[in-house]
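Following are the structures in question.
Consider the two complexes below, in which subunit A is the common component and subunit B and subunit C are the respective partners.
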Partner chain A sequence: MLHLTNSQRETIWGYLFIAPQTIGFILLIVLPLITIFVFSTEERNLLTGVVVPVGFENFRTIFQEDILFRKVLLNTLTLTLGLVPLNIGLALFLASLLSQKLRGITIFRVLFFSPVVTSAVAWAIVWRFMLQGEQGTVNQVLQLIGVEGPNWLRRPEWAMLSVIVTLVIKNVGLNTIILLSALTNLPSEYREAAHVDGATRWQVFRKITLPLLAPTLLFVTVITVIGSLKVFDHIMLMTAGGPSNSTMVLVYYIYYQAFQFFETGYASALAVILFVIALVLTLGQWLLRGRAYDD
Partner chain B sequence: MSKTKLFSLILALSLIVMSAVGVSAQDPVSLRFTVWVGPGAAMDMLNGIAADYTEANPNVTVSFDTLTFSEYTSQLVLQLAGSNPPDGGWILENTAPQFVESGVITDLTPTLMAYPDYNFDDLEEAALGLWRDGDALYGLPFSTSPFLIIYNTDAFEAAGLEDPNALAARGEWTWEALATAAKAITDSTDLYGFENADGTVYAEGFWSTIFPIARAYGGGAWDAEGTCLMNSPETVSAVQLYHDMVFADGSAVPPGEAATFAGGQAAMRIGQISRVAQLDGATFGWDIAPMPSGPAGSGSVIGQAALAVFRNSPNADVALDFLAFMTNATNSETMSQFFPPARASVLSSDTFLNSNTRLSAEQMQLVVDGIASGTVLPSSPNYSQINLQTRALFDELWIPVADIQGVMNTACETIAPLLAN
Partner chain C sequence: MTSMAMELAAVDSRRRRTRLEARIKKAASYMLLILLAVPFVFPFWWMVSSAFKQPSEIFTFPPTLLPSSFSLQNFIDVFNYQPFAQQYLNSLVIASLVTVGTLLISSLAGYGFARIKFPGKTVFFLMLLSALMLPSEVTIIPNFFFMKSLNLTNTHVPLVILPIFGAQGVIGTFMIRQFFLSLPREIEEAALLDGASRWGLFWHIALPIARPVLGGLSILSFLYSWNLFLEPLVFIDDVNMYTLPLALRNYNDVYGAPLWHLQLAATTLAVVPVLIVYVIGQRQIIDSFASSGVKG
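Our next item is the complex of A and B:
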């Protein structure tokens, strides 16, 4: 009979409790991730089944020969840089508005959150119709005020912006709710004290509310940045990467290489690059987190 | 060994052999074929053929698995790479060279040659070209369906236009005549004059619409030697014609709009006879006409799909036998109402002309004529790459002021290495 101390027994129970989650994590996340790393060093064709180990050849091709890759990277960057500030800025603005204690404010909260629970596929398809050239709702509304709108999804200079705005409207509700709950939980003493000292509303917001919100803002930024790197459904349904590859982002390019060209080795190498980008960004933001809490 | 002993040994051995044969003949086999046709009359017909096969071979059941058309090839390849591959399936013409070269499909000739009453020579050799590699045949084109113009007779009447078939009879049904009619309809009704093939010309289906026009003008996409024809004056005039319809005349459904022929918002479309089923319950009259001709003659183009058996199938022999059964003369005739076969005897038969309940014998004659003069759509082992790279370039065509020659020159330069491989 094994004699265990209380703390040893607790440790064993602890491990037993996290075992299901850990096993699932290893089987469904860690192993596929390792597999991707192995695939990325091979030339693999899904159709023919041919597998040839090629070392880092895929990466060399991506960085030195793949002209489209540079555009893809730039598109991904554009999407992230366009989406993240717009989403968080709007979410902050909406959260400030919705935090007012007004009659019927719940209706507005539900209204802004409803796109989040809408199916992304339905959302993208409806927006594709609304953004049609001449007969689209958006352009017909614009026509009422005498503006002739462009063919949003068919012009390279407008397509990415259209996708970004559609995504922001779809997802801003989630960030709004997170920021709203943080706002309502902020201690009111500091703000009241500042008001008493004669600070303007803007000064209170800038010097008191914003610093207090910093940890939440950081969290929201991290999930929005990672989310922006993974955008696939809207691109697939609204533009299919076009026109002129102007909305071909990294995830969609990975899909294209793997399931249209059947080059799974090359696609895995691209996926490794995406993984590294997401990892670096997250680590960077994690390091900033310390500062956010200190402030 | 005594005679009795020898006799018992032979008896015992033959019993063992017979029982073994008996068991293998009755082992239940279930075959799975991938197709892109969904539930409906065509699927019922396929299931009927499968049921007939099961009646003759009680141990075999055949099921048809529907994959979405737009994702068909990628889904099929994923299934083939998985642990439960389908035994056979349909393959689309533009990926034919890719599959033939990949080595994942089986040579059909030994089975078809040996199959009783198959009459291999009845198959039109011209229709098999895409699926051959030397003497081997890797796919059997069960559907060799010419493109036609399906048109709204009410809209033609409303615009006071002459019937396209009457023009065709006089040899005056040209692409220019079509463009003129489309403009007249757009100007005098609230319909678009023309919808491109399945609404895909601005995306993955560029050639389904442009190739027939280019062919009528004497151009094309690329030839068998890998020479790019996209920037030839003939192809450029073909693109110009369609471009003018979209932007100068406003008569063709423009990029990003969802107006359809079946929905009654466009008066003409390019389509095959299988698309006619979409018109059940249409609130307007319709008819079919041949593809218009051009300076270089007929613009007839054929969309092809073939049946193949996959090498990884654990029951490849049975699947081959079913493929032969499905494409024999009798079943080809059954399938011909939806999928015109490459069998001379069926195409020349009255049964074929009267096979489609939605089309008259006269209309079906257009199908026969279309097959005789048609060419298949462009294909290449690198089709997916070519499609991705050119699609991005072709997007530059669909603006009011486009440099068509410039875009087509760039397209040829871009895909030259892919055509050379």
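Our next item is the complex of A and C:
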């Protein structure tokens, strides 16, 4: 290394430092991503091992014949559109409650965040237990006040809502603390000035706090939308896509086709669609954020 | 009374009223917080209390908040039903390996991206970041064939290396890069002038300074692995190789209906230690979750 210049030496060190991660990343993320496009043009049975190239046949089937796929897309959209506003709205509300200077407020912060560190499997198991028909805890409590609850996870009209609510309670703590830290870092002068000028609490919130929070809200919305596309554990454990496919979302459908039906070629075509959706959403949020990136 | 005195009395009563108002507001806030906390806390309470109940008591109406007699039988049966101790150990070992691996790989890369100048740096970094939007369901099918061709399905190898090199590892690299970017270079530069090599600089100076962020990252990596579900589900068949999330859902009768007293007891055993650690280190744990997200 003696006759290398300093900057050449730096370059070599740089590559050495990032090499382990980059090589692993290429092997386990980039190559599989490319492979998925190849697989998507094949009929590829996991059990028999038979592989037949079929061109775009999988995509044709998905878009023209697979009636379930339409339902899957609709379910995925329902999940996202139900989950995101509920999650963000509740997170905002909790964050503003938690930003008050009250004795013991930390305890509530710890409580609201505790489902976030809990495994999704454990959380889904307990909620499935509580959401059972007649014997479920939720319905027993409802019965005490004279309401007869449905069999939440076995009724097509209730199952998705039940999963969404369970997910919101599980994950809202993360968005809450992100918004909370943004709230506590807001400059307080504007709000105080508005108070002095006689603005109501709600006016201050609408006209001052909310606009100041906008960048954080956008960020939180983006991670929640992308997160809602990845919901798998809760579906698998609470409803397994049912009843009558009412909670069959895209990621679960991919798993179902690949590892229950062994149609990995078809599942790969579905995975390509999932990839495109995630890509479009990510590019969309970049455009929205404009040049917010500072490097 | 003079008008002066009346005015003073009015001011006094107004002040008292605002104080009363503040107190009511405060009480209302507490009430609201307690009410809202119920769905967050009750599931844990219910899981633990049901786990101590006799199977017959679990579904009695009206529900009993505490078991009528604390029974440890469910917790014993959890271990008799399947190799739960082995599965617990599997999860511990895998999560520890993921943690160590992530710390090592991510701190190398994060330091490299923050401190060393080399061509193509931005391209490589953006390529890594793109993994954050990629659901692991997209790549799991090729990875399954890849691992199978290496005879690594039904081993713990994929469960260790996928988190290290996937999105979780990228978050780690990102966190460490951010940490070093916000740290003044002077200390390191002084050592560089003293003739330390890049490696020496990294190992002896940078890493010790980065201890707080490494602590946060180890919590995140450990929990990520501990809670991972899809990957074990796809890669592992053998009950002896199961991790906890797979084991928890395995307590079923012959018809596939859950044996609730066992599922809840096993879930309690898996969740409560995490919650205890969480309550002890809540500040740092919540902060590290927040910092992994906030600037992503």
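In this text, the second predicted complex is superposed on the first by the 269 of 295 C-alpha atoms of A that agree within 3 Å, B and C clash if a C-alpha of one lies under 4 Å from a C-alpha of the other, contacts with A are read in each partner's own complex, and residues count from 1 in each chain.
By our rule, contacts are C-beta pairs under 8 Å (C-beta built on N, C-alpha and C of every residue); 3 or more make two chains touch, one makes a residue touch a chain.
Note that this is a predicted model, so its numbers are computed, not measured.
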item: First (subunit B), second (subunit C), both or neither touched by A:85; value: neither
item: First, second, both or neither for A:48, with subunit B first and subunit C second; value: first
item: Contacts of A:223 with subunit B and subunit C, given as first, second, both or neither; value: second
item: Partner chain in contact with A:15 - subunit B first, subunit C second, else both or neither; value: second
item: Subunit B versus subunit C as contact partner of A:233, first or second or both or neither; value: second
item: Partner chain in contact with A:154 - subunit B first, subunit C second, else both or neither; value: first
item: Subunit C versus subunit B, contacts on subunit A by residue; value: C
item: Subunit B versus subunit C as contact partner of A:211, first or second or both or neither; value: neither
item: Subunit B versus subunit C as contact partner of A:256, first or second or both or neither; value: first
item: First, second, both or neither for A:243, with subunit B first and subunit C second; value: first
item: Doubly contacted residues of subunit A, that is, touched by subunit B and again by subunit C; value: 129, 135, 259
item: Residue ranges of subunit A in contact with subunit B within the complex; value: 46-49, 129, 131-136, 151-156, 240-245, 248, 256, 259-262
item: Residues of subunit B that touch subunit A when the two form their complex; value: 74, 77-78, 80-81, 98-99, 102-104, 202-203, 254-259, 384-385, 388, 391-393, 395-396, 398-399
item: Subunit C - residues contacting subunit A, complex; value: 26, 29-30, 32-33, 36-37, 39-41, 43-44, 46-47, 50, 59, 61-63, 104-106, 108-109, 111-113, 116-119, 121, 124, 127-128, 130-131, 133-146, 161-162, 164-166, 169-170, 173, 198-199, 202, 223, 226-227, 229-230, 233-234, 244-245, 248-249, 258, 260, 263-264, 267, 270-271, 274-275, 278-279, 282, 285-286, 289-290, 293-294, 296
item: List of subunit A residues in touch with subunit C within their complex; value: 7, 9-11, 13-18, 20-22, 24-25, 27-33, 35-36, 39, 94, 97, 100, 102, 106, 108-123, 125-130, 135, 137, 140-141, 143-144, 169, 173-174, 177-178, 181, 219, 223, 226, 229-230, 232-233, 236-237, 251, 254-255, 258-259, 264, 267-268, 271-272, 274-275, 278-279, 281-282
